[in-house]
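Think of it as A, B, C and D in the order they're written, each chain with its own count starting at 1.
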Amino acid sequence: MIRAISFPFRKGRSFLALSVMALLSVAASAHAAETIVLTGSSTVAPLMAEIGKRFEETHPNLRIDVQTGGSSRGVRDARAGLADIGMVSRPLTDSERDLTAFTLAYDGVAFILHKSNPVKTLTRQQIIDIFTGKVRDWSEIGPGRGTIVVENKAEGRSTLELFLTHFDIKSSDVKAAVVVGDNQEAIKVIAGNPLAIGYVSIGSAVTEAGLGVPIKPLPMDGVEATIDAVKQKRFPLVRELNLVVRKQPEGVVKEFIAYAQSDQVTDLVKDLYYVPVGH
Amino acid sequence: MIERSRFRFDGHLLLVWAAPLTITAIFVWIVGGVLLHGLDQLSWSYLVEAPRRAGRQGGIGPILVSTLLIVSVCLAVAIPLALGAALLLAEFVPRRSTGARIVRLSLDVLAGVPSIVFGLFGSAFFCSLLGLRFSILSGGLTLACMILPVLIRTIEQSLRGVPNAYRMGAAALGLTRTRAIVTVLLPVAAPGVLVGVLLGVGRAVAETAALIFTSGYVDRMPSSVLDSGRALSVHIFDLSLNVPGGDAAAYRASIVLLLLLMLINGGMLCIHSLLKRVMGISAQI
Amino acid sequence: MFQSVIDSPRRHGVIDVRLRRTLWGVAGLASSIIAVVVAVVATEALPALRGVELPRFLNDPSWHPTNQRYNLAPMIAGTFLVAGGAVALGTLFGFLSAIFCCFYAPPRLAGLYRGVMELLAGIPSVILGLWGLTTLVPIVAAIKAPGFSVLSATLVLGLMIVPTIGLVAIASLQSVPRSLILGAEALGLPKWLTVVRIAFPAARSGLIASVVLGIGRALGETMAVMMVGGNIVQVPESLFAPVRTLAANIALEIPYAEGLHRSSLFVSGLFLTLVILVVLCIAEWLGPEPIHD
Amino acid sequence: MYTQLAETRHGHLGPNLEFPEPPCRPARIDGQARDLLWRVSDLGVHYGRKTVLSSVSIGLPKGKVTAIIGPSGCGKSTFLCCLNRLSDSMEGCCVEGRIMIGSQDIRSPSVDDIALRRRIGYIFQKPNPFPMSIRRNLELPLKAHGVRDAAEIGRRIESSLVAVGLWSEVKDRLNASALHLSGGQQQRLCIARALVLEPEALLMDEPCSALDPIATGVIEDLIHSLRQRLTIVMVTHNLNQAKRVGDEVALFWCRDGFGYLVETGPAQRVFEAPQDELTKLYISGRIC
């Protein structure tokens, strides 16, 4: 009777070990189908995921896995070969000359204010004064009153780099009241605060404004902030969304990149309010 | 002389009723906001179809499947580990022994590690070192590491709550430690264990940052545990922070997540009452 | 007459010894996870630790990694401030909720409120962050300027840890032997005194555990604090000044950090683990000895 | 009722535990070659540095009821725990000296303490039935010791409940929670729970201290009925109870913090003609 108690215990353990081995062997086979892995910027990822899905329709045994983790991860994984293609929402810096970039789409960056803010436009100098803290109150700009709530982007973000280079300020000079990460979060901050000013991708701004979010994009250097202005290259602040690869792509990866730049996907690019490359 | 005053105003009564009321009010405020925005296009097809237009349309079928897989992998790994460690801490080792204090301190520090660091740890350890790459398995394992501290602490507390009289009673009847634990201690401590599991599931379902780096972003229907799968919270995160015009869909997905939570909590309560009837355990009077 | 029975080999003992050994293995595994986490963070932090002298992490002029400035001090202060406020708030509301559920509420209402807390524990920090961003911050902004502040971060984080503290406190209060409570009530003690003087001390070890779990969750929270805290790197001089915690800092910058910037973020991860260790040792040392085992 | 109990004694308890021939031969009449179940020689017990019991040597006769009396705090309960090694489960308790059963010291590592506790039941002062149904309380020890067959379990439960006089009161609500029973009923359930394993001996630590006189009377009758079948060692404060129930009496006393054995012997002699001065005073009740 007492012996009976311990007997199942021994048998149970060997059964466990057997099932673990079985699980692992099955797993190895599951990955035979060919996969293209993309990692990188969370701004580009939604677009590439849709393009990947459409590309998969015409290539049955191909699987395209799009992962996020930020532009720096895209560069690192592409260089280390962990990912076939890296996604970067900015032009390559000179330290990244070893990678080759393929521009996927363009995206303008515009300043946005709360809808109720009476200010219609801002000159370049006014923007520099606001962001460096020389101007603190809307009354010093024109109509409207109240301390300005300056919204800046986090270190390393592509829109921040673009903003700093365009207005040639150093990131340590910017005096901000709030620092945000993604564009959508930036828009929600501005929508929630009538005295706030910030800069986001034009695509997001136009969409959310269209959906009734109380924000309005500001024209810059006289050019109104619309997707067409970016398409006709009239808008000064534009960033490119790139796919980066370590060595010259070949085979299905090359085909996929060409497909992503082709005009078969312009409807997808427009659906996410970016400007397709082709035109 | 001792008749009750008509209304015995007790300052503490106000305090004790005020706290839950504020918490419930805020909860209703949050959930109300979510329901208001997301309830309109909610339909059965939404729970089954695959997402379209980067999630703004179509359903969340594959994402629900990935979420359930991730949570079950997480619980399947975390609960046995937690039960083992908690049993050791509560039953086999004196509370103040150095071994127990080291285990407890290391778990408490683990409980404080931010979810983003867990994501990086998961992707470095499970994804690259163990070669699981972006997969539901590595997501589940990372989550298991995250919820272990909560599980172990609550289970240990519930085991300590079992009166000593039952342990002595079991010993006096000549039950071995193992059998006493299985037939007497764990059934009596079941309510506390249940609380721990509920908190663990709550944390696992609510996790975003860690899963982005481990279980991934792919919203295709996973074919095996080693496929990358997007969890529901990651989907909500992506829709609300990365996809322009994605808010309505984010709220819709949040409603489904809350329903999923209600389902899991309800399920746990049924398991508990079933357990009580089967084991014949009656609540302590 | 006993001979045949007593001399039977000690088979029972073997099972218990084997159980004890497996349990030690499992506990060892569980407690080794933190070592692996710290190892991963340390290997990634190595380049920055070598490149930048340690004191510079505390007295650099500011935190601008791209311009080689790595001052973490304001963020450490921010973490203590926000986590401390949130734990205080969470403990107050958590304990009051536990008292409500265990002693004051009719059973059906208590069950309902437990359900609310269990759901609140499951709400993703993204949703709480969004709610904070869209509703809480404008309210705080109405009181004083930016709205993104220590106050809103503390409120949101406090709200998040109430369920953790409340549910664990309920479990430990319920394990207080009924005879203790009945004894106190038999003496005609008012309910509040019974709770505070008899039930709480008896369940003290469980209550401490719930607070420690709350501290862990507060220090570890990333997403919600990032959305409502304002993320300005400064030692907040008032309750309404924006703040950035170490965890929010990592979440904010890790996707776009390169080289030394990225490994300096991991150094802040190490600092955060150190902060957690310090806070826990204080809690362990301050926490009075539990009365009974 | 008791014959039923006797028959089941022959049942086999599992493949390797052949049950020895029934012990219920009437004890030999001559008192000298008394048949002792326990032979305890200079037993000492201490928790960490605090000594609770020192140099106790006593023989506990088989088939008889030994009542252990003495003021509280003189280690009576600790002594009882050592007899079936329940002391092992007490944290920080270490025991010295020899406790012999037959020719075997029960504290030697080769002794299987689980089997030992199954043969020697223990009843606590405060009734501690498991928070389960009455049936489950009785089933649990049986299943733990390998009795699987449902009919056997049913019969055993009925016979032990009948033995403690609970059967008529609970037979139609066996699935009700044990915690809903009264104090006296709970204590009798605990005794039934011990009896269901058909032990050789029963250790009872002040079983009736928490019970009303009627319930105490029922338990004392129960002890009377079991005296032939089992060896019973009972700790009690109640001198009349010791007189009524005890065949043998042992007086423990407490001196500067630890307990020791004062005197032991047949109840009749100890109460009428106590040899030790201390016993005389304690029995006459003059020492408070």
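One rule holds for everything that comes next: contacts are C-beta pairs under 8 Å (C-beta built on N, C-alpha and C of every residue); 3 or more make two chains touch, one makes a residue touch a chain.
Everything numeric here is computed off the predicted structure, so don't read it as measured data.
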Target subunit D, source subunit B, minimum contact steps: 1
Chain closest to the assembly centre - both centres taken as Cα means: B
If you count the contact pairs for each chain pair, which pair has the most? B-C
What is the chain whose Cα centroid lies farthest from the Cα centroid of subunit A? D
Roughly how many whole angstrom separate the Cα centroids of subunit A and subunit D? 77
How big is the gap, in whole Å, between where the Cα atoms of subunit C centre and where those of subunit D centre? 50
Which integer distance in Å separates the CA centroid of subunit A from that of subunit C? 32
Separation of the C-alpha centres, subunit B versus subunit C, in whole Å, is 15
Of all residues in subunit D, which are in touch with two or more distinct other chains? 16-17, 114-116, 145
Could you list the positions in subunit A whose residues touch two or more of the other chains? 2-3, 5, 42, 68-69, 181, 185
When you check subunit C against every other chain, which residues touch at least two of them? 8, 11-12, 15, 130, 134, 251, 254
Residues on subunit C engaged by subunit B in the complex (per definition of touch): 12, 15-16, 19-20, 22-37, 40-41, 44, 92-93, 96-97, 99-101, 103-105, 113, 115-128, 130-131, 134-135, 159, 162-164, 167-168, 170-172, 174-175, 177-178, 190-192, 205-206, 209, 212-213, 215-217, 219-223, 246-247, 250-251, 254, 266, 269, 272-273, 276-277, 279-281, 284, 290, 293
Complex interface listing, subunit C residues touching subunit A: 8, 11-12, 14-15, 18, 62, 64-67, 69, 130, 133-134, 137-138, 141, 145-148, 226-227, 230-232, 242, 244, 251-258, 261-262
Please give the residue numbers of subunit D that touch subunit B in the complex, ascending. 84, 86, 89, 91, 114-118, 121-124, 126, 128-133, 135-136, 140-141, 143-145, 175, 177-180, 190, 193-194, 197
Of all residues in subunit B, those that touch subunit D in their complex: 94, 163, 165-176, 179, 183-184, 187-188, 279-285
Contact residues on subunit B for subunit C in the complex? 10, 12-13, 15-20, 22-24, 26-27, 29-31, 33-34, 80-82, 84-85, 87-89, 92, 94-95, 102-103, 105-118, 120-121, 124-125, 145, 148-150, 152-154, 156-158, 160-163, 176-178, 191-192, 195, 198-199, 201-203, 205-209, 233, 236-237, 240-241, 250, 254, 257-258, 261-262, 265, 284-285
